[in-house]
C-alpha cells in the first residue's frame, strides 16, 4: 500500500482479494502497510489490484518463505511487549532460570535480573527433556509462580509451550510463547501458536537450515500471527566440547533474508557458563537484537542445565559489558557498504 | 623454573633431563621459563629434578597436547613479528588479497591495508584449490612480489606453504608461514614447519575438533617451534548458505585450553563479503587476538574467492569499527567470574 | 523372573513393588518375564525382592535408557501385527505411497505391493511438510481410504500421527502408529503413544544420536507400551547430494544396545529412487529386520516426494532381490565371533 | 574414438590436439579409446576434430571433474594388479594389519588372509597419527618387510604414502599407493601420485563431499595416472558412538557419477571390530567393488587401532559370508530399472 493509504483503502484491497477466494495477510508497519496474498496471482489479478486506490505496487515473492522474507517487508519488524521493544536498536536482555523450581528461586532470580537490566524474565514450567526420567517442570503450578514474579517485578515473561493443546492455557500466563528447538518442526504446534495474539519466540531447530527455520516461522505467520522473534541457539555439529555450535553468522544472514527480529541464546548453545559472556558480547557485536540467558541463584544445585547458568554476580558483569558494547556499536554504522 | 632462576640453572636442568635420554622443550616467558619433558617421568626423576637449583615445581600434564595446554604454560604466549605483537591485548588485523595476481593488484592492496590499520599483509602464492583446473597461484614469482610489497610498505607478510619440500624456500620470503585448513592433518608438513624459526599460522581443519587442532599444533611445538598462532576459519556443517560455519566459541574455548594466541578468518569461513564485518566484530568481542581478512581492489574480477573479498572502502569501514569495539572492550574486564 | 515362574508369582512381585510406591514395568517374553522397576532400589529392597518366589535375580541397569537396553532384556523383542512378525529372522517389507492422494492411487499401490511380497502397507494421511504451503495430506478422509485398502488386501497398515490430540483417532484406523523424524523429540506425542495398545514405528530424529533415539523410545516404553519398532531414516550431514546420509551402522549398533527391532527407510534417507534398491539390500545384509519403502503408480506426478518413489516395476525387482539376499543370509551365521 | 579406430588414428588426434596447445588425456578401454582434452574447445575445433579419421564424436563434459565423470567414460574402469582385477564383478578383499609392527606379526597375518581369500595385503609403514606422540610406523624398514610378505605369499600390497617426497620410494615397494583421508586434499601429494605408473587407492576425506572427492581423483587423473580406486571410509558427523559414519550410499552414487572403482573400509569407518562384518556385507550388497579390512593376530596388543581389527577367526567368518552374499548377488540384476 502507499504510505498514505487509508484504512478504507486497506479494507477494500482485502475484500477484493477475498472475492477471488484468496487469503489476505495484513502486515502493518510504521512506514507502510503490506498485504500478503497466498496463492497464485494471475497477471490479470495483478493489474486489477494495482488499479485499486491506495495500492503502491504488486510484487511477486520468489522465496519459499513468502511472509518472512525481506522481499515481502523491507522494513525491520519490531515487536512490543509492554514497554519493551524487540527488534529495535537497543538489544534486549531476557534472563532467568532454565526451569522454575520453587517460589524462592524464581522470585530471587527475577529480582536480581530486573535490577541488573534484564527486560524480560525467562523461566520454564514445561521442560522438554531428552530422558523421560529427568525433571520435566512444575507445569501449571510453575506458570502461576511465573505470573506472580512478572507482576511483582513488572517484568514481561517468556516461557515454553510444548503442545498445541496447551497453547491457550500457557497464553493466559505468558507474554511471549517460546517454541523450543525440539519442537521447531512440530507443525501442529506451529499452527496453534499461529492462531494466538501473543509474540512467539521461535528457537532454531538444532539441525534446521536457515530456510527450514524461516519456513517454520512461515507456519506461524501464515496462521495470522505476525509477531515472531527468531532465536539462534546452536546447531549440532561434530564438535562436542561445546554442547552445540553457536552459529553467529545466523544473525547477519537472517537480518539479510528476513525482516523478523533475531536474538541469541548463549547458554543452551554453549552449555558452559564461562562461555556465556564472550558469546553474548559476540552476538551483540554481530548485530543480534538481544540475548536470552540462564541465571540461577545457585547453579550447582539447579534441577536443569546448571552447568550453563550464570550466578547473580556473573550476570551483573555480563549486563554491564553488554551495555558497553552496545554503546560502542551505536557510534558506528552497522551496515557494510556495497560490493565493488 | 622459579621466576628468579638464572640461565645457568636453566641449562643445568636441561642437561640433567638429557642425561636421562629425554628431550627438554624450553618455553621462555616474560614471567618465568618453563621446561617441558616429553616421555615418562618416574617419581624418582621428579624428586631428582625438584632438588635442582632454580626449579620451582615438577608438574604432570594430563592433556594429550602436552606443550600447547595451559597446564604446561599458564601465561598467554605472545608472538612478536617485527614490532607487531600477536596474542596481546591489542587485536591484530591481517589483510590482503586471497591470491597474488600481479604486482599492481598486490601493491595497491598492500598500500591501502597499511594505511587503514592492518599490521600484517596476507596473500597467497601457492593456492590449494579443490579443482586442479582452478588458478593455483603464481608460486615463487608471487613470493618475490610479496617480499617487495613487504619491504615497500614495511608490512610483515603471512603466506601459505603447502608442502614440506617448500618450507625452506617459503621461509626465505615470509615472516609467518601459514598452514591451510586442507593441510591441517598433513603431518609431514607440520613436522617440517616445526623445525624452522618462523611463526606458524595454523588454520583449524574444517572438520577438526579442538583436541585434534591442538594436537596438530603439538606436532609443531614438539618439533621445537613454539611460535604457533591458531586460526578459526569455519567448520563444515549441514548449513550450506554460508561456505562454512564460523565457530566463535572456539575463541574462548581455545583461550581456556591453551596458552597460544587465536585469531579468526571471517572471509573463508563465511564466504560472503557482507558477513565479514559483523563476524569480525563478533570475533573481537569474543576475545580474538585478531582477524585475517581478504581485501581486493576489484572483487568481481578476483581470480580466487572474490565473493568474500572486501573492497578498499569496506575494509576502511571494518577497520574503524574494529577499533571502536576494541576500545570499548579495553574498558571492561574480559574474564568472567567464578561459578557458584 | 525364573523361566518357570507362575502368573501368581509375577503378580506377587508387582504388588510388592507397588507397595513401596514404585512402578513395575512388565515385559513378557517367550523365554522369561522381566519386571522393570523405575526409581531407586535400595539394597534392602533388592534383598527383599530376591527372596520372593519366582524371582531369578535383581539387576541394576547402568544405561540411561532403562527399558530399551539389552541389559534389561537380553532376548530380542518381536512384535506381532496380525500374522506378521517384526523383529524375527525374516525381514519385513513395508511399502506404499508417501502420501494418500486418492482411492485409485492407494488401492492400485496396495494391490501391487501385496502381490509382490510387502507385508505392511505404508501411506500418510497427515504429512509433516517443511513448508506450510505444501500438500499436507488428506487427514481423516485419508485414514478411511487406508482402512479400506487394509481390509480389501488383508494388509496391516502403518501411518503417521503428528499430534498427541490425534493419537486416539489415528489408532482407530491404523495397525502401527508412526512417529516421524520431525517429532522424534516431541515428548508430549511420545507420552501419548506410550499409552495406547498399538505398536509404534519410531523414526530416528535426523539429528538424534543413538542414545537420544533410545531415550525417545524410553518415553514410549516407560508409558506402558512395550511395542516399539525403531527406524533408521538417514541423518543430516554436510553431504547434500543425497537428501540425508543413511547410517547403516545404526543397524548392528542398535541391535547391540537394545532388544527392540530395527528397520531402515531407504526412500526418505536417500531421496532418490535409484539409490533405494542398493540401500535396501545393504540394510538387509547389515541385519535390518525390514525396510519401509515408497512406491507410487506414477512417481513423476506424486504430490509428495516423487523423486524417491519406486514404480511398480522397480518395486517388483527390489522385492525379488531382497528375497535372494535374505535367503543367502539365512545360510550364514550373522553374529560375529569374540574379540581376541 | 570409434570402436574400430587404429593406433595411427589415435596418435593423429593427439597430435592435432597438441598442435593447438592443449593436453590430450588418453583413456584406453576394452570397448573404445577415449581422448580427453582439458581446456576450452571452441566450436571450430570441435568441427575440426570430428572430421579427423577414427573420431566418433566430440562431447563437452559439464561436470567439474572432467576425467572421472561417467560423461567422459561410460564404461566401468577396471584396474589390474597382477592377476587381481579391481572394479569387475567379483568383489576384492584387501586385508592385513593397520600398521606393520614386526616380521612375525606381518607374516602371520599375510599367511592367514591369503589362505582365507584376501587378494591384496594391506599394511601401513607410514602412519598418519592425530598425536605426534603415537606410534608413527616403521618407515622404510616396514616397507621392506611388506615386500617380503608380498613375495612370500604372492600377494600384491597396498600401503600409504604421506608425502610427495616419498612417492618414488614407496612406489618401489608397493603395488598400490594409498592416499589417506587426512591427505585427501594434500594437493601436492595428489599431483605427485598422478605422475607415477601405479594404481592409487584414494580414501575419501572424512569431510569431503562426493564432488570434492572426485575432484581429488581429478588431480591424479589429470596428472596422467588413470588408475584410481576410490575408498569410502566414513565421514565425520554428530554421531560419535561409531568412530565415523560410514556412508554406504556413496557406493551407488559414485558408481552413477564416475567410472572409477569404489571399495569400502569397514574398519576405520566404524572403529569397532564387531561392526566390521555387518558393514562389510552391507557394502558388498550395495555394490562395492571390494573392502579393505584390518586384521591382527592379537588385536588387544595392536600398536594402532586394535579396537577395530578382526582376529584371524573373525576374518575367516567374514570372508565366508562375503562369498555367500556375492554369490547371491551374482544371480540378480544389480541395476535398478527406469523411473516412471
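For reference, chains read A, B, C and D in written order, and residue numbers begin at 1 within each chain.
Here is the rule we go by: contacts are C-beta pairs under 8 Å (C-beta built on N, C-alpha and C of every residue); 3 or more make two chains touch, one makes a residue touch a chain.
What you see is a predicted model, and the numbers here were worked out from it, not measured in a lab.
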item: Fitting subunit B to subunit D on CA atoms, where both chains share a sequence, rotation angle to nearest 5 degrees; value: 180
item: Centroid comparison with subunit B (C-alpha atoms), farthest chain; value: C
item: Distance between the centres, which are taken as Cα means, of subunit B and subunit A, whole angstrom; value: 37
item: For subunit B paired with subunit C, centre-to-centre distance based on mean C-alpha positions, whole Å; value: 50
item: Contacts with 2+ other chains: residues of subunit C; value: 207, 236-238, 240
item: Footprint of subunit D on subunit A - complex, ascending; value: 236-238, 240
item: Contacting residues of subunit A [partner subunit C, same complex]; value: 38, 64-66, 128-133, 136, 162-165, 182-183, 185-191, 206-207, 212, 215, 218-219, 222-223, 236
item: Residues of subunit A that touch subunit B when the two form their complex; value: 207, 209-211, 235, 237-242, 245-249, 251-253, 256, 269-270, 273-279, 281-287, 296-300, 311, 313-314, 317-318, 320-321, 324-325, 327-329, 331-334, 336-337, 339-340
